[in-house]
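Note that chain A is present in both complexes that follow, paired respectively with chain B and with chain C.
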Partner chain A sequence: MSSPTAENTTARAGTIRKAVVVGGNRIPFARSGGAYAHASNQDMLTAALDGLVARFGLQDESIGEVAAGAVLKHSRDFNLTREAVLGSALLATTPAYDLQQACATGMEAVIGLSNKIKLGQIDSAIAGGVDSASDAPIAVSEGLRAILLDLNRAKTMAGKVKILGRLRPRDLAPDTPSTGEPRTGLSMGEHQALTTAQWKITRQAQDELALASHKNLAAAYDRHFFDDLVTPFRGLTRDSNLRADSSLEKLAKLKPVFGRNLGDAATMTAGNSTPLTDGASTVLLASEDWARDHELPMLANVVDGEAAAVDFVHGRDGLLMAPVFAVPRLLARNGLTFDDIDYFEIHEAFAGTVLSTLAAWEDEEFGRTRLGLDGAFGTVDRSKLNINGSSLAAGHPFAATGGRLIATLAKMLSERGLVDGRPARGLVSVCAAGGQGVVALLEAR
Partner chain B sequence: MAAHQKVSSDKYTELVSGGLGRELAKRLGLPQPAVLRRFTPGVPLVQGPILVVGHSAGADAVSAVLLSWGQDVRRHATPRDTLGAIVLVLDELAHPDQLSAPLREVGGALRDLQRNGRIVGISRQADAQDTPEAAAARNAVDGILRSLAKELRAGATANGVVLANGTAADAPSTMSALRFFLSARSAFVDGQFLTASSEGSATEPNWDRPLEGRVAVVTGAARGIGASIARTLARDGAKVVAVDVPAAGDQLAAVANEVHGTALQLDITATEAGARILDHAAQRHGRLDIVVHNAGITRDKLLANMDAARWDSVIAVNIAAQLRINQALLASSHFADHPRIISVSSTSGIAGNRGQTNYAASKAGVIGMVRATAPLLAEKGGTVNAVAPGFIETAMTAKIPFATREVARRLNSLQQGGRPEDVAEAIAYFASEASAGVTANILRVCGQNLVGQ
Partner chain C sequence: MENVLTEMPSLSKLYVNAAATAAMKRLARSVPVVALPTRALEVRGVTADLAKLTAFAHLLGKPARDVLPSGYIHALAFPVAMGVMVQDDFPLPLLGMVHLRNQVDHYAAVRFTDVLTIRAWARDLAGHRAGTQVQLVVEVRNSDGTALLWRGVSTYLAKGIYLPGLDKPSPRPAGAQREPFSAPQPTAQWRLGVDTGRAYAAVSGDFNPIHLSVLSAKALGLRRSIAHGMYAASRVVSDIGSPKPEAFSWDIAFEAPIFLPATVSVHIADTRADDGGWLGSEFTAWNARSARVHFRGSVTAGTTQP
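Now for the complex of A and B:
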């Protein structure tokens, strides 16, 4: 199959260009209520942008476009990304827009901006994401909101008094955001607990994946892998969730927190689930010419991206299983199989999510009946999976995870260079609320 | 911006700089530190006429250069005519007897020297080939200027340019050193000497943007003196690569963004640090011209209580890293166009300091390294020098207990602590093209601290 970069359709330029990852910057991720308890989304996104500008000397550059978003967002932050740009060291002539696709926000920002670069609409871009579970928006109750709006519309004092008479004590309780799915009422963890049980993923396997995440992330920090990917913020120099000294024994002692109604099948603990996290990430994207003109590195090409969604409401697939469908479509379009992939970055929302995803790809019947293949889709070589750690260790500030993954993978690919005479390839997979998933394919320069 | 840190403020100097405070200090015989005149782009070189003392051909040549800089040059003192500076040209000394007349002329003019005035001597290096009479006369200038520096008040300083063998009084490198000492850039340099050789560019330097087109690396650039060096080099036209440990990355990013440079998070003690610096500079800018070894740490303890960790970490950061990085620089083709290395030493490395055997070892080591590296760099047309700061008002010295700090900052001829930018200005001077003939110098930026030379 031909890759999209070889397609001959384009709006203006005649040919589709390559979009490259120049590099990335994020602030260390912090467990909610910790180091960034009093930092806003705008503070964190601005810091991540400033670190990127400093790393690549972009102070005098008008960037083509900046796209970022947050999952937990105050209504006043309607122009969050543009406001962050204005507060950053970037030129004020840099346009920006907000976007949001739950935990896949950062991924969609990378893919969308890369496509604009490929089409010649822009030459450079910054994709990003930020989330604060600490500084979450709290809304007034629906009852109070209706009363306040009516009050605003009332013209007479008598009318106002009458409307205020509708106020009941229960209306004063605030409306706090939750990770619950609107259509099922179940939290993300409860949803995953069902999927984890469905795919018969053991507690031991989940704890082992969590431990590997911590060990790999700690080792990457120790060998200075993140020196040019992370800039400290508010006194934090490493992800605060990282437990380099974790062990299977310690993880085994934790009590299940999700799926407790499943009895013995309850396997998901605080140790093999991601905590609520605060943080921000950014990725600098460019055309080859722009990167060359600015004497900037080119780590990897953004080859292709794919989104998928599943009907989790009626229970056919698990809430976080959409990447199971997106990846086969992405690889087929690019004429690739798992054998052609050198690094797999599968977002660890929960250890159970990663393991259920791998199990579905290895399942003969699932491959035949759901993916329309002759058999199982394939097996991910575990020695190529999340080798520098992932969300279980780093934490998961929802919209910031995509940028973390893309920048990390791009650097890994750049360091790897060629494999069997062809550029090293990497796959990123991120699941998201609402039964969605976004995946992307990168290759080394 | 976050990069601007609170440094200890010298309330005493503010108090005695005017009004009742000044009167009180005068009557009680208390120290009366002046508010020093600092450099900002566009300020005049000096604040009044320059009196050139001396009757040699060298004195005439120096006068001609000063005139070409647009200065008001006087060859004879006119009493009660205020002076911005006195330049004492003694390049033909053969006997101590010849000192009397010119020095009495200077003495007579001192009362007309303005606040923040300048005295700069130009004389020849005394060496073993001289006649004993000539060597005595030449070396006498050292004692004269150091003593005069201690007599001057109101922010005025006395410094000297020493001509290496065969160097003309108006050689480009001499004039560059003279200009530095005359200017507000040398506000906290007092009682010091720079040795200039005849090496130097023939073209008139760009005095406003002396580092235009040059690429500079500054280590330890996240805060304090390092951040000030980054700002000063950028102000003078250099593209700055700001280097500091990853843990200081947020402050480093703020500095890099302020100076429109790039941030390189790097542990300079890593084996590959030199290669990383060169790769970064080569990829982003195609070259590297200036390296400022500023990063340093203190781990003070009396030697009797010194553990290996304290000793080893200070040696590793303050001197071993510089040696290793310099090896990589010397081997690189990207560091080849009249390159400059400037190291930050310390008065502790010259005079010693109780509780700092490790720190003084590293800083004295820097001086040895600079002298031995100079011939290696000369092959590339490069120079290597060091600055040795005395008491500088930084976030670090702000932590010194009040009484100790108050004593420390008065123990010099200017009776105050210096500022980070005073150190930075001296480094920018060494980094400039015009300083091509100035190498292996150790310049103290200490307000003529009472200890050491």
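Now for the complex of A and C:
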């Protein structure tokens, strides 16, 4: 595989060198309450890391830095990633940190670590993410928490008894996590239902996208595309949400679950929305020299990344629409248009999210008034979109999705090689809670 | 000669039978048996239970992997070893036996999906200054028994039992006095609550009364309940870990029992190759107050020949 230019020299301080994706490993994703119901985030992240270490022979290696995170996280897991490193075959001298940017956690881990490699601060890195909707943290109520903390501070028995007297039955009800936005009280699905309706995305279009996701993912498994990207865990060898035998008829029978107050406009079902999922993913990143020294493959360069956020609280944009703004900025900075992109990996939080995003980019007025362009931003060639399936079929363990997308795309780019004499290019786009989005540009080696 | 069972013996039944057998032996036999039964006991078609394996790993504060932790394999195979020790012609009483040493070799990673053949037999009945010792060998093989995956040798002491023809009780020979223990800087400190034995019993299935409560331990002559030796071994071996779960070995010798509750100081020291690769670790654990050694041993990359 040839490189476009001759910039492949080791970075001197202050110069920029390339960061490459060596490969990835994840465990199959499982619908919550299923195969991983009793596996913790620590179990799953460790399993994904073990598989990566085994695949690339990293036993007794010290890695520059490992960064990963979880969206739903127990307070005891404050050092989740470092603990996974300590439990792995990596040398204990490998530093690690946790990060969290909702569903974009894995993406931010890849971009941040790639930047450190580019700057010459580290030579190798592992980005990752994990989430369990099954083994979710449950906290005590605010009332009970305040009482327990006061009890701990009380000095006398009389003081303790007095504090305990404040305890009411309602204080014993646990506090469970939810997917609701703290500022709007709407769940992610309800938010997307509003956006889906705003962009007039039909039920049929959503079901078709969902079906394509299942068919594409199943086909990719069947041709062994994931053999070097996935390691079985707890008896699961494929994503348990995958329905290879799904059909438009089956999907059409499902009742809407989000936006039901929209009446006939309710189009979002369990079939065209991502289920709660458990899973973990990891990606091995490196400088070119490190990869060569270790005789490891170089699948793709991490070219650039961009984050964006929208004001969904005041209703200006939909909760999951931030990538609509991030992608035009990222491409403009790199002098590219959609015509220069060979693969689009757009995270399918909901089929409606992907279709609303595409609709916004195709909209003349939106392009002029919101993106500051002369007209519509562009049209994504659907034959280049999520061609090996995406979250609707695989499931979406929040922080693990970025790693799945980056590793999948890097392998696709590597297989494609050159397009019209230039390296194949791919775009990853991930929306996230809080009205955020992170996108990245990769190119084949 | 061997005895093949179609299912795992139940540990709780074995413990009850052991108590009954011990009483009957005392009544019925005046001349004790001094030879070990030559039969091996074999159970085929054994698989790990994923839920129990997960609980086991989590009790030790470790991630639950598809590969079975060493201590869990011991727990899984333990009923077969027990089955050997409760046979009518086994010369030593099961209850009250003390765990002296464990040597384990891993020849392959054992996964929870593997169908296993477990075989156990007794060997090396020998005199000990405080009683009679015996070794229980446990082999874990693949389903058709052709590949050895894991092998454990446990040495037990029947305290105060002296069999004719074996060594007589004797004071510790002068030359064999232990070196006075000089505690190193601890690398870890385990705070073990009174429920440590019950918690380990729940995940390992080893409900030996000496571990469960003060009362049940007193019934067997101990002043308080003690931690399972295998809890300590499982914990320290998993703390050290092996970069290659398919090829490592460990060895632990138990000294003073850990009476619960306890604070145990632990020291781990690595040996590494010039390139930084892990070769092995030595460990020692002692009572933080009395400085009595509870156990010591090593984990080593690679295995000894089976």
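Everything below uses one rule, namely that the second predicted complex is superposed on the first by the 432 of 445 C-alpha atoms of A that agree within 3 Å, B and C clash if a C-alpha of one lies under 4 Å from a C-alpha of the other, contacts with A are read in each partner's own complex, and residues count from 1 in each chain.
Note that in this section a contact is a pair of C-beta atoms (placed from the backbone, for glycine too) under 8 Å apart; a residue touches a chain by one contact, two chains touch by 3 or more.
In this text the structure is predicted, and so the values were computed from the model without any measurement.
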| item | value |
| --- | --- |
| Clash or fit, chain B versus chain C on superposed chain A | clash |
| First (chain B), second (chain C), both or neither touched by A:P328 | neither |
| First, second, both or neither for A:G395, with chain B first and chain C second | neither |
| Contacts of A:L91 with chain B and chain C, given as first, second, both or neither | second |
| Partner chain in contact with A:V230 - chain B first, chain C second, else both or neither | first |
| Chain B versus chain C as contact partner of A:D60, first or second or both or neither | both |
| First (chain B), second (chain C), both or neither touched by A:D43 | second |
| Touching partner for A:P297 - first (chain B), second (chain C), both, neither | first |
| First (chain B), second (chain C), both or neither touched by A:G129 | neither |
| Superposition clash, chain B versus chain C, among 2-10, 92-100 or 128-136 | 2-10 |
| Chain A positions touched by chain B in one structure and by chain C in the second | 47, 50, 59-60, 89, 232-234 |
| Partner chain A, residues of chain C touching it in the complex | 50-51, 54, 57-58, 62-66, 112-113, 241, 243-244, 275-278 |
| For the chain A and chain B complex, residues of the former touching the latter | 47, 50-51, 53-57, 59-60, 89, 224, 226-228, 230-234, 237, 295-297 |
| Chain A contact footprint on chain B (complex, rising order) | 242, 246-250, 252-254, 256-257, 260-267, 270, 283-286 |
| Complex contact set, residues of chain A against chain C | 38-40, 42-43, 45-47, 50, 59-60, 62, 84, 87, 89, 91, 232-235 |
